[in-house]
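What follows is a group of structures, each given as C-alpha cells.
Two complexes come next, and they have one chain in common, chain A, joined by chain B in the first and chain C in the second.
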Partner chain A sequence: MSTTAPGAKSANLSTPTPAKREITTKPRFSDKVFRGVATAGGLSSLLLLGLIFVFLAFQGFQVLRSEGLGFITGSNWDVVQDNFGNTDLEASSFGIAAMLIGTVICATIAVIIAVPISVLCALYLTFYAPGFIKRIMVALIDLMAAFPSILFGMWGYFVLMPHAEYWAKLIHKYFEWIPIFKMDVNIFERSPFVAGVVLSTMIIPIVTSISREIFSQTPLDRVQAAYALGATRWAMIKAVVIPYGRSGVVGGAMLGLGRAMGETVAVYTVLNLVYQINWQVLIGAGGNVASMILLKFGEAGPTEIKALMAAGLALFILTLIVNSIANVIVTKTGGKGR
Partner chain B sequence: MSINKPEAKPAVKPGKPWASTPRERALDLGAILLAAVGSFALVALSELKGKLAYAGVFFVLIIVINFIHNYLSRGIASAKDSVASSFAVAGVLVTLLPITSILYAVFERGKTGLKPNLFTTDMKLNGPNDPIDQGGLLHALTGSGIMVGIALIISLPIGILTAIYLTEIKGFFTRPIKFLVQAMSGVPSIVAGLFILSAIVFPITKTPSGLMGGLALAILMIPTVARTSEEVLLLIPADLREAGIALGGTQWRTISQIVVPAAKSGLITAIILGVARVAGETAPLVLVSGGGDVLNLNPTSGPMGSFPFYIWKAFTFGTTESIARAWAGIFVLLVLIFILFFAARLLGGDRNKK
Partner chain C sequence: MNNSEAQGPLDKGNEKMETTTPSSLSSVAANAAAKKKPGSGALGVGLEARGIHAWFGDKMVLKDISLDFWSGTVTALIGPSGCGKSTFIRTLNRMHEFIPGAAMAGDVLLNGKDIYESGTDVTKIRLKVGMVFQKPNPFPSMTIADNVLAGLKLAQLKVQNKDDLLEECLVRAGLWSEVKDRLSAYGGSLSGGQQQRLCIARSLAVRPEILLMDEPCSALDPGSTLKIEETISELSSSMTIIIVTHNMQQAARVSDYTGFFLSDGGPGELVEVGPTSEIFSKPKDVRTENYVTGRFG
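Then we have the complex of A and B:
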C-alpha cells in the first residue's frame, strides 16, 4: 500500500477541490463577537456592583453630606418636620451607630454559636460518618441552606424564641459576673442573644459545608501517614486536619458572619430595635441595619428614604468587606468560596 | 508445561477487622443506657430540671463512661479519641435539631390551612384575618411565578455568559470576575431591593410593580446561576473541546454546539438552584413589588403579590387566623422548594458527591 498524493486522489473524483482555508491562529469574526459578548456578560457583575454603590450613594448623598461622620457615629434617628410638613434636614438627625454595632453583635453571637457546632458536624461528616448517613446529612444540610429566610423568621419567632429566652435566663443566672451578660433591666424578650441564636441556625449550613469542603481536601497521604504511625482518629485530626484546615474554617466563619449581617426578615421578627448602643446582649434591645430599613420603609417620607438608602450603602460596604476577606481566605485554602 | 491448578480452598468470607463486634456494640448500648438512667437519677436527685438538664447530664455522663471504659481497656489515646467522637456526634445531633424542628413545625402548623380554595382564589374579597377557608394564594402563586420568571430571563444569560467567560475564555478578567461574583453572592437581599428602588422605581417608574420585583430577584440570582454553571462547565472534559477545535470548528461553534449541550443537565440544575434561592426572598419584594392582594398577571403595572409577601403580610398581621394562613403559605412554599431541590439533585447526579 503505497501512499497516494492527495492531489492525485482528488483528481479521480469529480467533486471540485474546496478552496484551501487559511491556516491561522487569528480568531474569526464569529469568535470575536462571541468573546466580546461573553466578556461583557462576565463583567456585568462588576457593573452591577458598581451601579449598586453609585445609586445608593447618589440617593443617600444629601443625608450623608448633612450628617457627615455623624451618620455612622451618632445613634439618633429623629425626623423633624417643618411647618409645611416637609422634612427639615438640618434639624433631623440620622445616625446608625447603634444599628451598625447591633448588626455586628448579633452576627458575632451567631458565629460564636454556629462555628463550633458546624466544625464538629463537618468533622463527623468527613471522618466519622458511614456513607449513607453522610449522604443523607449532606442533602439535609444543603436543603437547610435553601430554606427561605422568612421560614427562619417565623420558626424563630414561634418555636425557638421561647427556648432562647429560657437559655438567656440560665446564662444570666450563672454568668452574671461577665459584664456583657449583666442586666440593668430584666427584659429577656427579643434580645440580641435571641436574634443571634436564630441567625446561628441560618448560618450553620453554610459554615458546615465550607468546613467540610476544606476538611475533605486534607492531603490523603498525610492522613494515612498519621494512621500508619498508629494515631487514633482524634490524634490524626489534631495533627493533620486542624493545622491544614484552620484558616479555611476561619474564612468559612467570616462568610457566615457576612451572611448573618445581611439577614433581614429573620432578625426583624425576633429583635427589638432600640436606637441606643447596647452591649448587654441579654437585654431585649438591639440594633440591626437591615431590619431597621424594613421597619422604617413603610412610613418613611422622601428624606427619610434617602437616609435609609445611605444606611443600605453602609450595610452593603460592610458585608462586601467581610465577604471579600472571607472569600480570599477560603479560596487560598483550596475551597471554592461562596 | 503444566497448568498450575490452584488448589480449591474453602471459601473464606473476607473479614472486617475494623467493624465493631457484637460485644463492642453491646457495650456501647450499655453505656448509652447507663448514661440515660444516670441522667434521670441525677436530674431527679439534684436541683437541675428541664429538657436541657437531661440532655446536658446525659452528654457528660456518656463522655465520662466512654472515657473510663476506653482508658481501662485501651489507654489514654483511645480515651481521648472517644471524647472527640462524642463531641462530633453531638455536633451532628445539634445540627439536626433545628432542621427537624423546622420541618415538623411547618408540617404541623401548616397542614390545617391546606384547603382547595387556597389554590383557586386570591385575597381580593378577604383580609388576612378571615377564616382560612376563604381566600387563597392564587395571586401569590402566579405573582411569584412571573417574578421568578423575569429574574430567570435576565439572570440566565448573564450567569451562563459569566460562567463561559470563567471556564472557556479565561482572559485577563478571570480572577477579578471570580472575586466579584463571590462578592455579589454576599449582597444582602434588602440592598438589592434598595438598589432597584433607587435606580429604577424612584427616577423612572415611580410605582412598584412585578417587573421591579423580578429585577431585584435577578440580582440575587445571577451569582448562584453563574457559580453553579461554572462548576458544571469545569466538569466537561477538555477532550470534547479539543475534538471540536480539531474538526475545524471555531470556538463559538465548539462551545455552543458541543460544550453547552454536553452540560445541559448541569445547567438546568443551575437554573433550579437559582430559582430555589430566590423563591423565598422576602425583603426586596416588600420594598419593590408593591405586594398586591389581587390576581395581577401584568408585571409592568400595578402591585403584584408573591409568596413571601403573602406570608409576610399574614404573619405581621398577627392574629390566630392570619398566622395559620402564613403557616399554610410557608408549607406550600417549602414543598415547592423541596421539589426544586430534589429535581436539582436528580439532574445533578453525583456532582456534589466526594
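Then we have the complex of A and C:
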C-alpha cells in the first residue's frame, strides 16, 4: 500500500522509533543583522567588565603576590620607603580587612534603614496617595535617584550628621547591651552608623522606585478577589501585594546594597577611616574601600597605587559576590507569590 | 462570625427552596412581574437596585436600572457585549468604585439598607455580597486550603472549626472529591475549571447571602461549565445568585429569572426582566425576542 488514508494506522507495526529530527531555521538577512547588533551590544558590556577586571588584576598583581592572603585579612596600611624614595614592597604592609568589613557594615546599616522606609513609601504611592501627590512624588523620587552623590554627602555632613549623632546616643543609651552598640571610646562623630544613615538617604529613592514599580504590577484580578472577600486595604496588601512583590523588593534592596557598597564621595565626607576592624558601629571609626582609594590616591607613589588597584579588585569581587547572593535570594523567594 | 448569624441566610434559603420547587414555580412567576417593579417588592429582604446609573468619566454606561432580587433565586443577566451587565453587578457590592473615574447614582438596598450610605463599612457589605470573577483568580501564594479560608483571614473572622468549614465549602462548590487528598497543594496547580470552583468555595467560606457571578464560565471548557452550573443549582437552595452570562442556554438552564440588558450605542438599559421561561418563550419586547432567538448579539 503506497498511500495511507488519513487517520489510518500505519500498516507496518514493527516500524522502529525514528531518530529525533534536528529542527533548524534559516534566519532572514535582516534578522541576522539585528542579531549581530544585539549580540555586539550585549557582549561589549561583558567585555568592558572583563577589561576592568583584567586591568585591576594586572596592576595589583605585584602587591597581591607580596602580601598574599594578608591583603584581605590584615588591616595595616604602612608604606615604607627606602633611602632613594622608592617604596620598599617587602617592608611595607598593605591590608584592607578593616576597609572591606567597614564597607559591608555601612552598606548593611544603610539597607536596614532604607528598605522599610522605601517599602512603606512605595505602598503609600501605589495604594493610598491621591493622584497629584503621587505624580509629584514619583517625579521627585526618580530625580533623587539620579542626584550626584556629593550633594547627599554635603547635606549629610552639614544637616544630617548632628541628628544622626543624637540618634546614635539614644541607641547607645538604650541598647548598649547589644555588643555592636557598645562604646569603648566615647566618640560619636563620623561613625559607621552616621555613614549608614547618610547612605540610606541615597538608596531610598532607588529601592522605592523599584518597589513601586513591582507593587503597581500586582495583578488586578487578585486585588479585586481580596476586596470581594471583604478585605480591608491593609489585609489586601498583606495577602496579595506583599507576596507578589517580595522578590522584587529583595532585588531592589540588593541593588541598593550594591550602590551603598560602591559609594565613595558621600561616605568620604561623613566617615572617619581607621585601619582597624571595628564592629562597634556607633564609634567614630570605620572603613570603606572606595573612600580609602579616594583618600590615598592623590599622594600615593607608584607602588601604593598598585596596592590601591588591588583594593579596587577586592571591592569588585566583593560586589560580585553580594550580587550573586542577591540573585540566589531573588530566585528563591520569587516563585511562590507569582 | 457567630453561628446563629451564619445559619440565618441558610435557613431562609431552605424555606425559599420549597417555594421554588416546580409545583409552586408558577405562583412565584405570577408574582414576579409585579415584584420586580422598583419599590413594590417585599421591603427589607434580599437585594434591591433602585434607579442605578453608572459613569466612567463623563460617559454614562448605565441608565436607570431597577431590579429586585428575591432571596433564594437565581437571576441571569444577559445581553450583548458592552451593554453594562458587568458594570451593573459591580455596583451591587461596591466593586465599581475601584475603577478610576467611575461614578454611580441610585440606591442599592441590602435587606432594606442602602449600601452606598455614607459611613457604611464596605468590607461588611462585600462579606454579605460575594463575587466570583470571569477569570479564575485563586491566590497563587496560598495552598488550596488557605485559598478557601482566605476570606476569614482577610476579613478577620473567627470560626470554631476550620476543617469543617473547609470541607463544607469545597463540597458545596463541587470540588471536594477532586482535591481532598491535596489540600496543601498550591491553588495554581489546579485546572481552570477547578480553579473557578475553588474561587466559588472561597466566596462561600465567608457565608455571603448573595453571590454575584460575572461570566464565571466564559473561560472554561464545556465539562467544567457543566460542573459549575450544577454547583449553582446546589447553591441556589441556600442563597441568592446573580449571574452575568453571554451563554443564553446557560441562562435558560440555571436561572429562575432573566434580565435582558441592551445598549444602542448610549448607556445600557434594562429592556425586560421576568421569569426565565417567559423571557425565552414569549418575551414582551421585540428586541428581547430578536436577541434570544439569535437574530443579533
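FYI, the second predicted complex is superposed on the first by the 279 of 338 C-alpha atoms of A that agree within 3 Å, B and C clash if a C-alpha of one lies under 4 Å from a C-alpha of the other, contacts with A are read in each partner's own complex, and residues count from 1 in each chain.
Following the convention adopted for this analysis, contacts are C-beta pairs under 8 Å (C-beta built on N, C-alpha and C of every residue); 3 or more make two chains touch, one makes a residue touch a chain.
Not measured: the values here are computed from a predicted model.
For chain A, the partner with contacts to more residues, out of chain B and chain C, is B. Contacts of A:Trp167 after superposition: chain B is touched, whereas chain C is not reached. Contacts of A:Phe147 after superposition: chain B is touched, whereas chain C is not reached. Contact with chain B, but none with chain C, is seen for A:Thr201 once the two complexes are overlaid on the shared chain. In the superposition on chain A, contact is made by A:Ala226 with chain C only, not with chain B.
When the two complexes are overlaid on their common chain A, residue A:Leu43 makes contact with chain B while staying clear of chain C.
Contact with chain C, but none with chain B, is seen for A:Val240 once the two complexes are overlaid on the shared chain.
Residue overlap on chain A between the chain B contacts of one complex and the chain C contacts of the other covers 232, 235, 336-338.
Within the complex formed with chain B, the chain A residues making contact are 21, 27-28, 30-31, 33-35, 37-46, 48-49, 51-52, 55-56, 58-59, 116-121, 123-125, 127-129, 135, 137-144, 146-155, 158-160, 166-167, 170, 201, 204, 208, 216, 232-235, 237, 255, 258-259, 261-265, 269, 290, 293-294, 297, 305, 308-309, 312, 315-316, 319-320, 322-324, 327-328, 331, 336-338. Chain C contributes residues 93, 95, 98, 123-124, 126-127, 130-131, 133, 135, 137-142, 150-151, 153-156, 186, 199, 202-203, 206 to its touches with chain A in the complex. By the touch rule above, chain B contacts chain A in their complex via residues 50, 52, 77-78, 80-81, 83-85, 87-92, 94-96, 98-99, 101-102, 105-106, 109, 157-158, 160-162, 164-166, 168-169, 171, 173, 176-177, 179-192, 194-195, 197-199, 202, 219, 222-223, 226-227, 231, 248, 250-253, 255-256, 273, 276-277, 279-283, 286-287, 308, 311-312, 315, 323, 326-327, 330, 333-334, 337-338, 341, 345, 352-354.
Of all the residues in chain A, the ones that touch chain C in their complex are 219, 221-222, 224-232, 235-236, 239-240, 243-244, 336-338.
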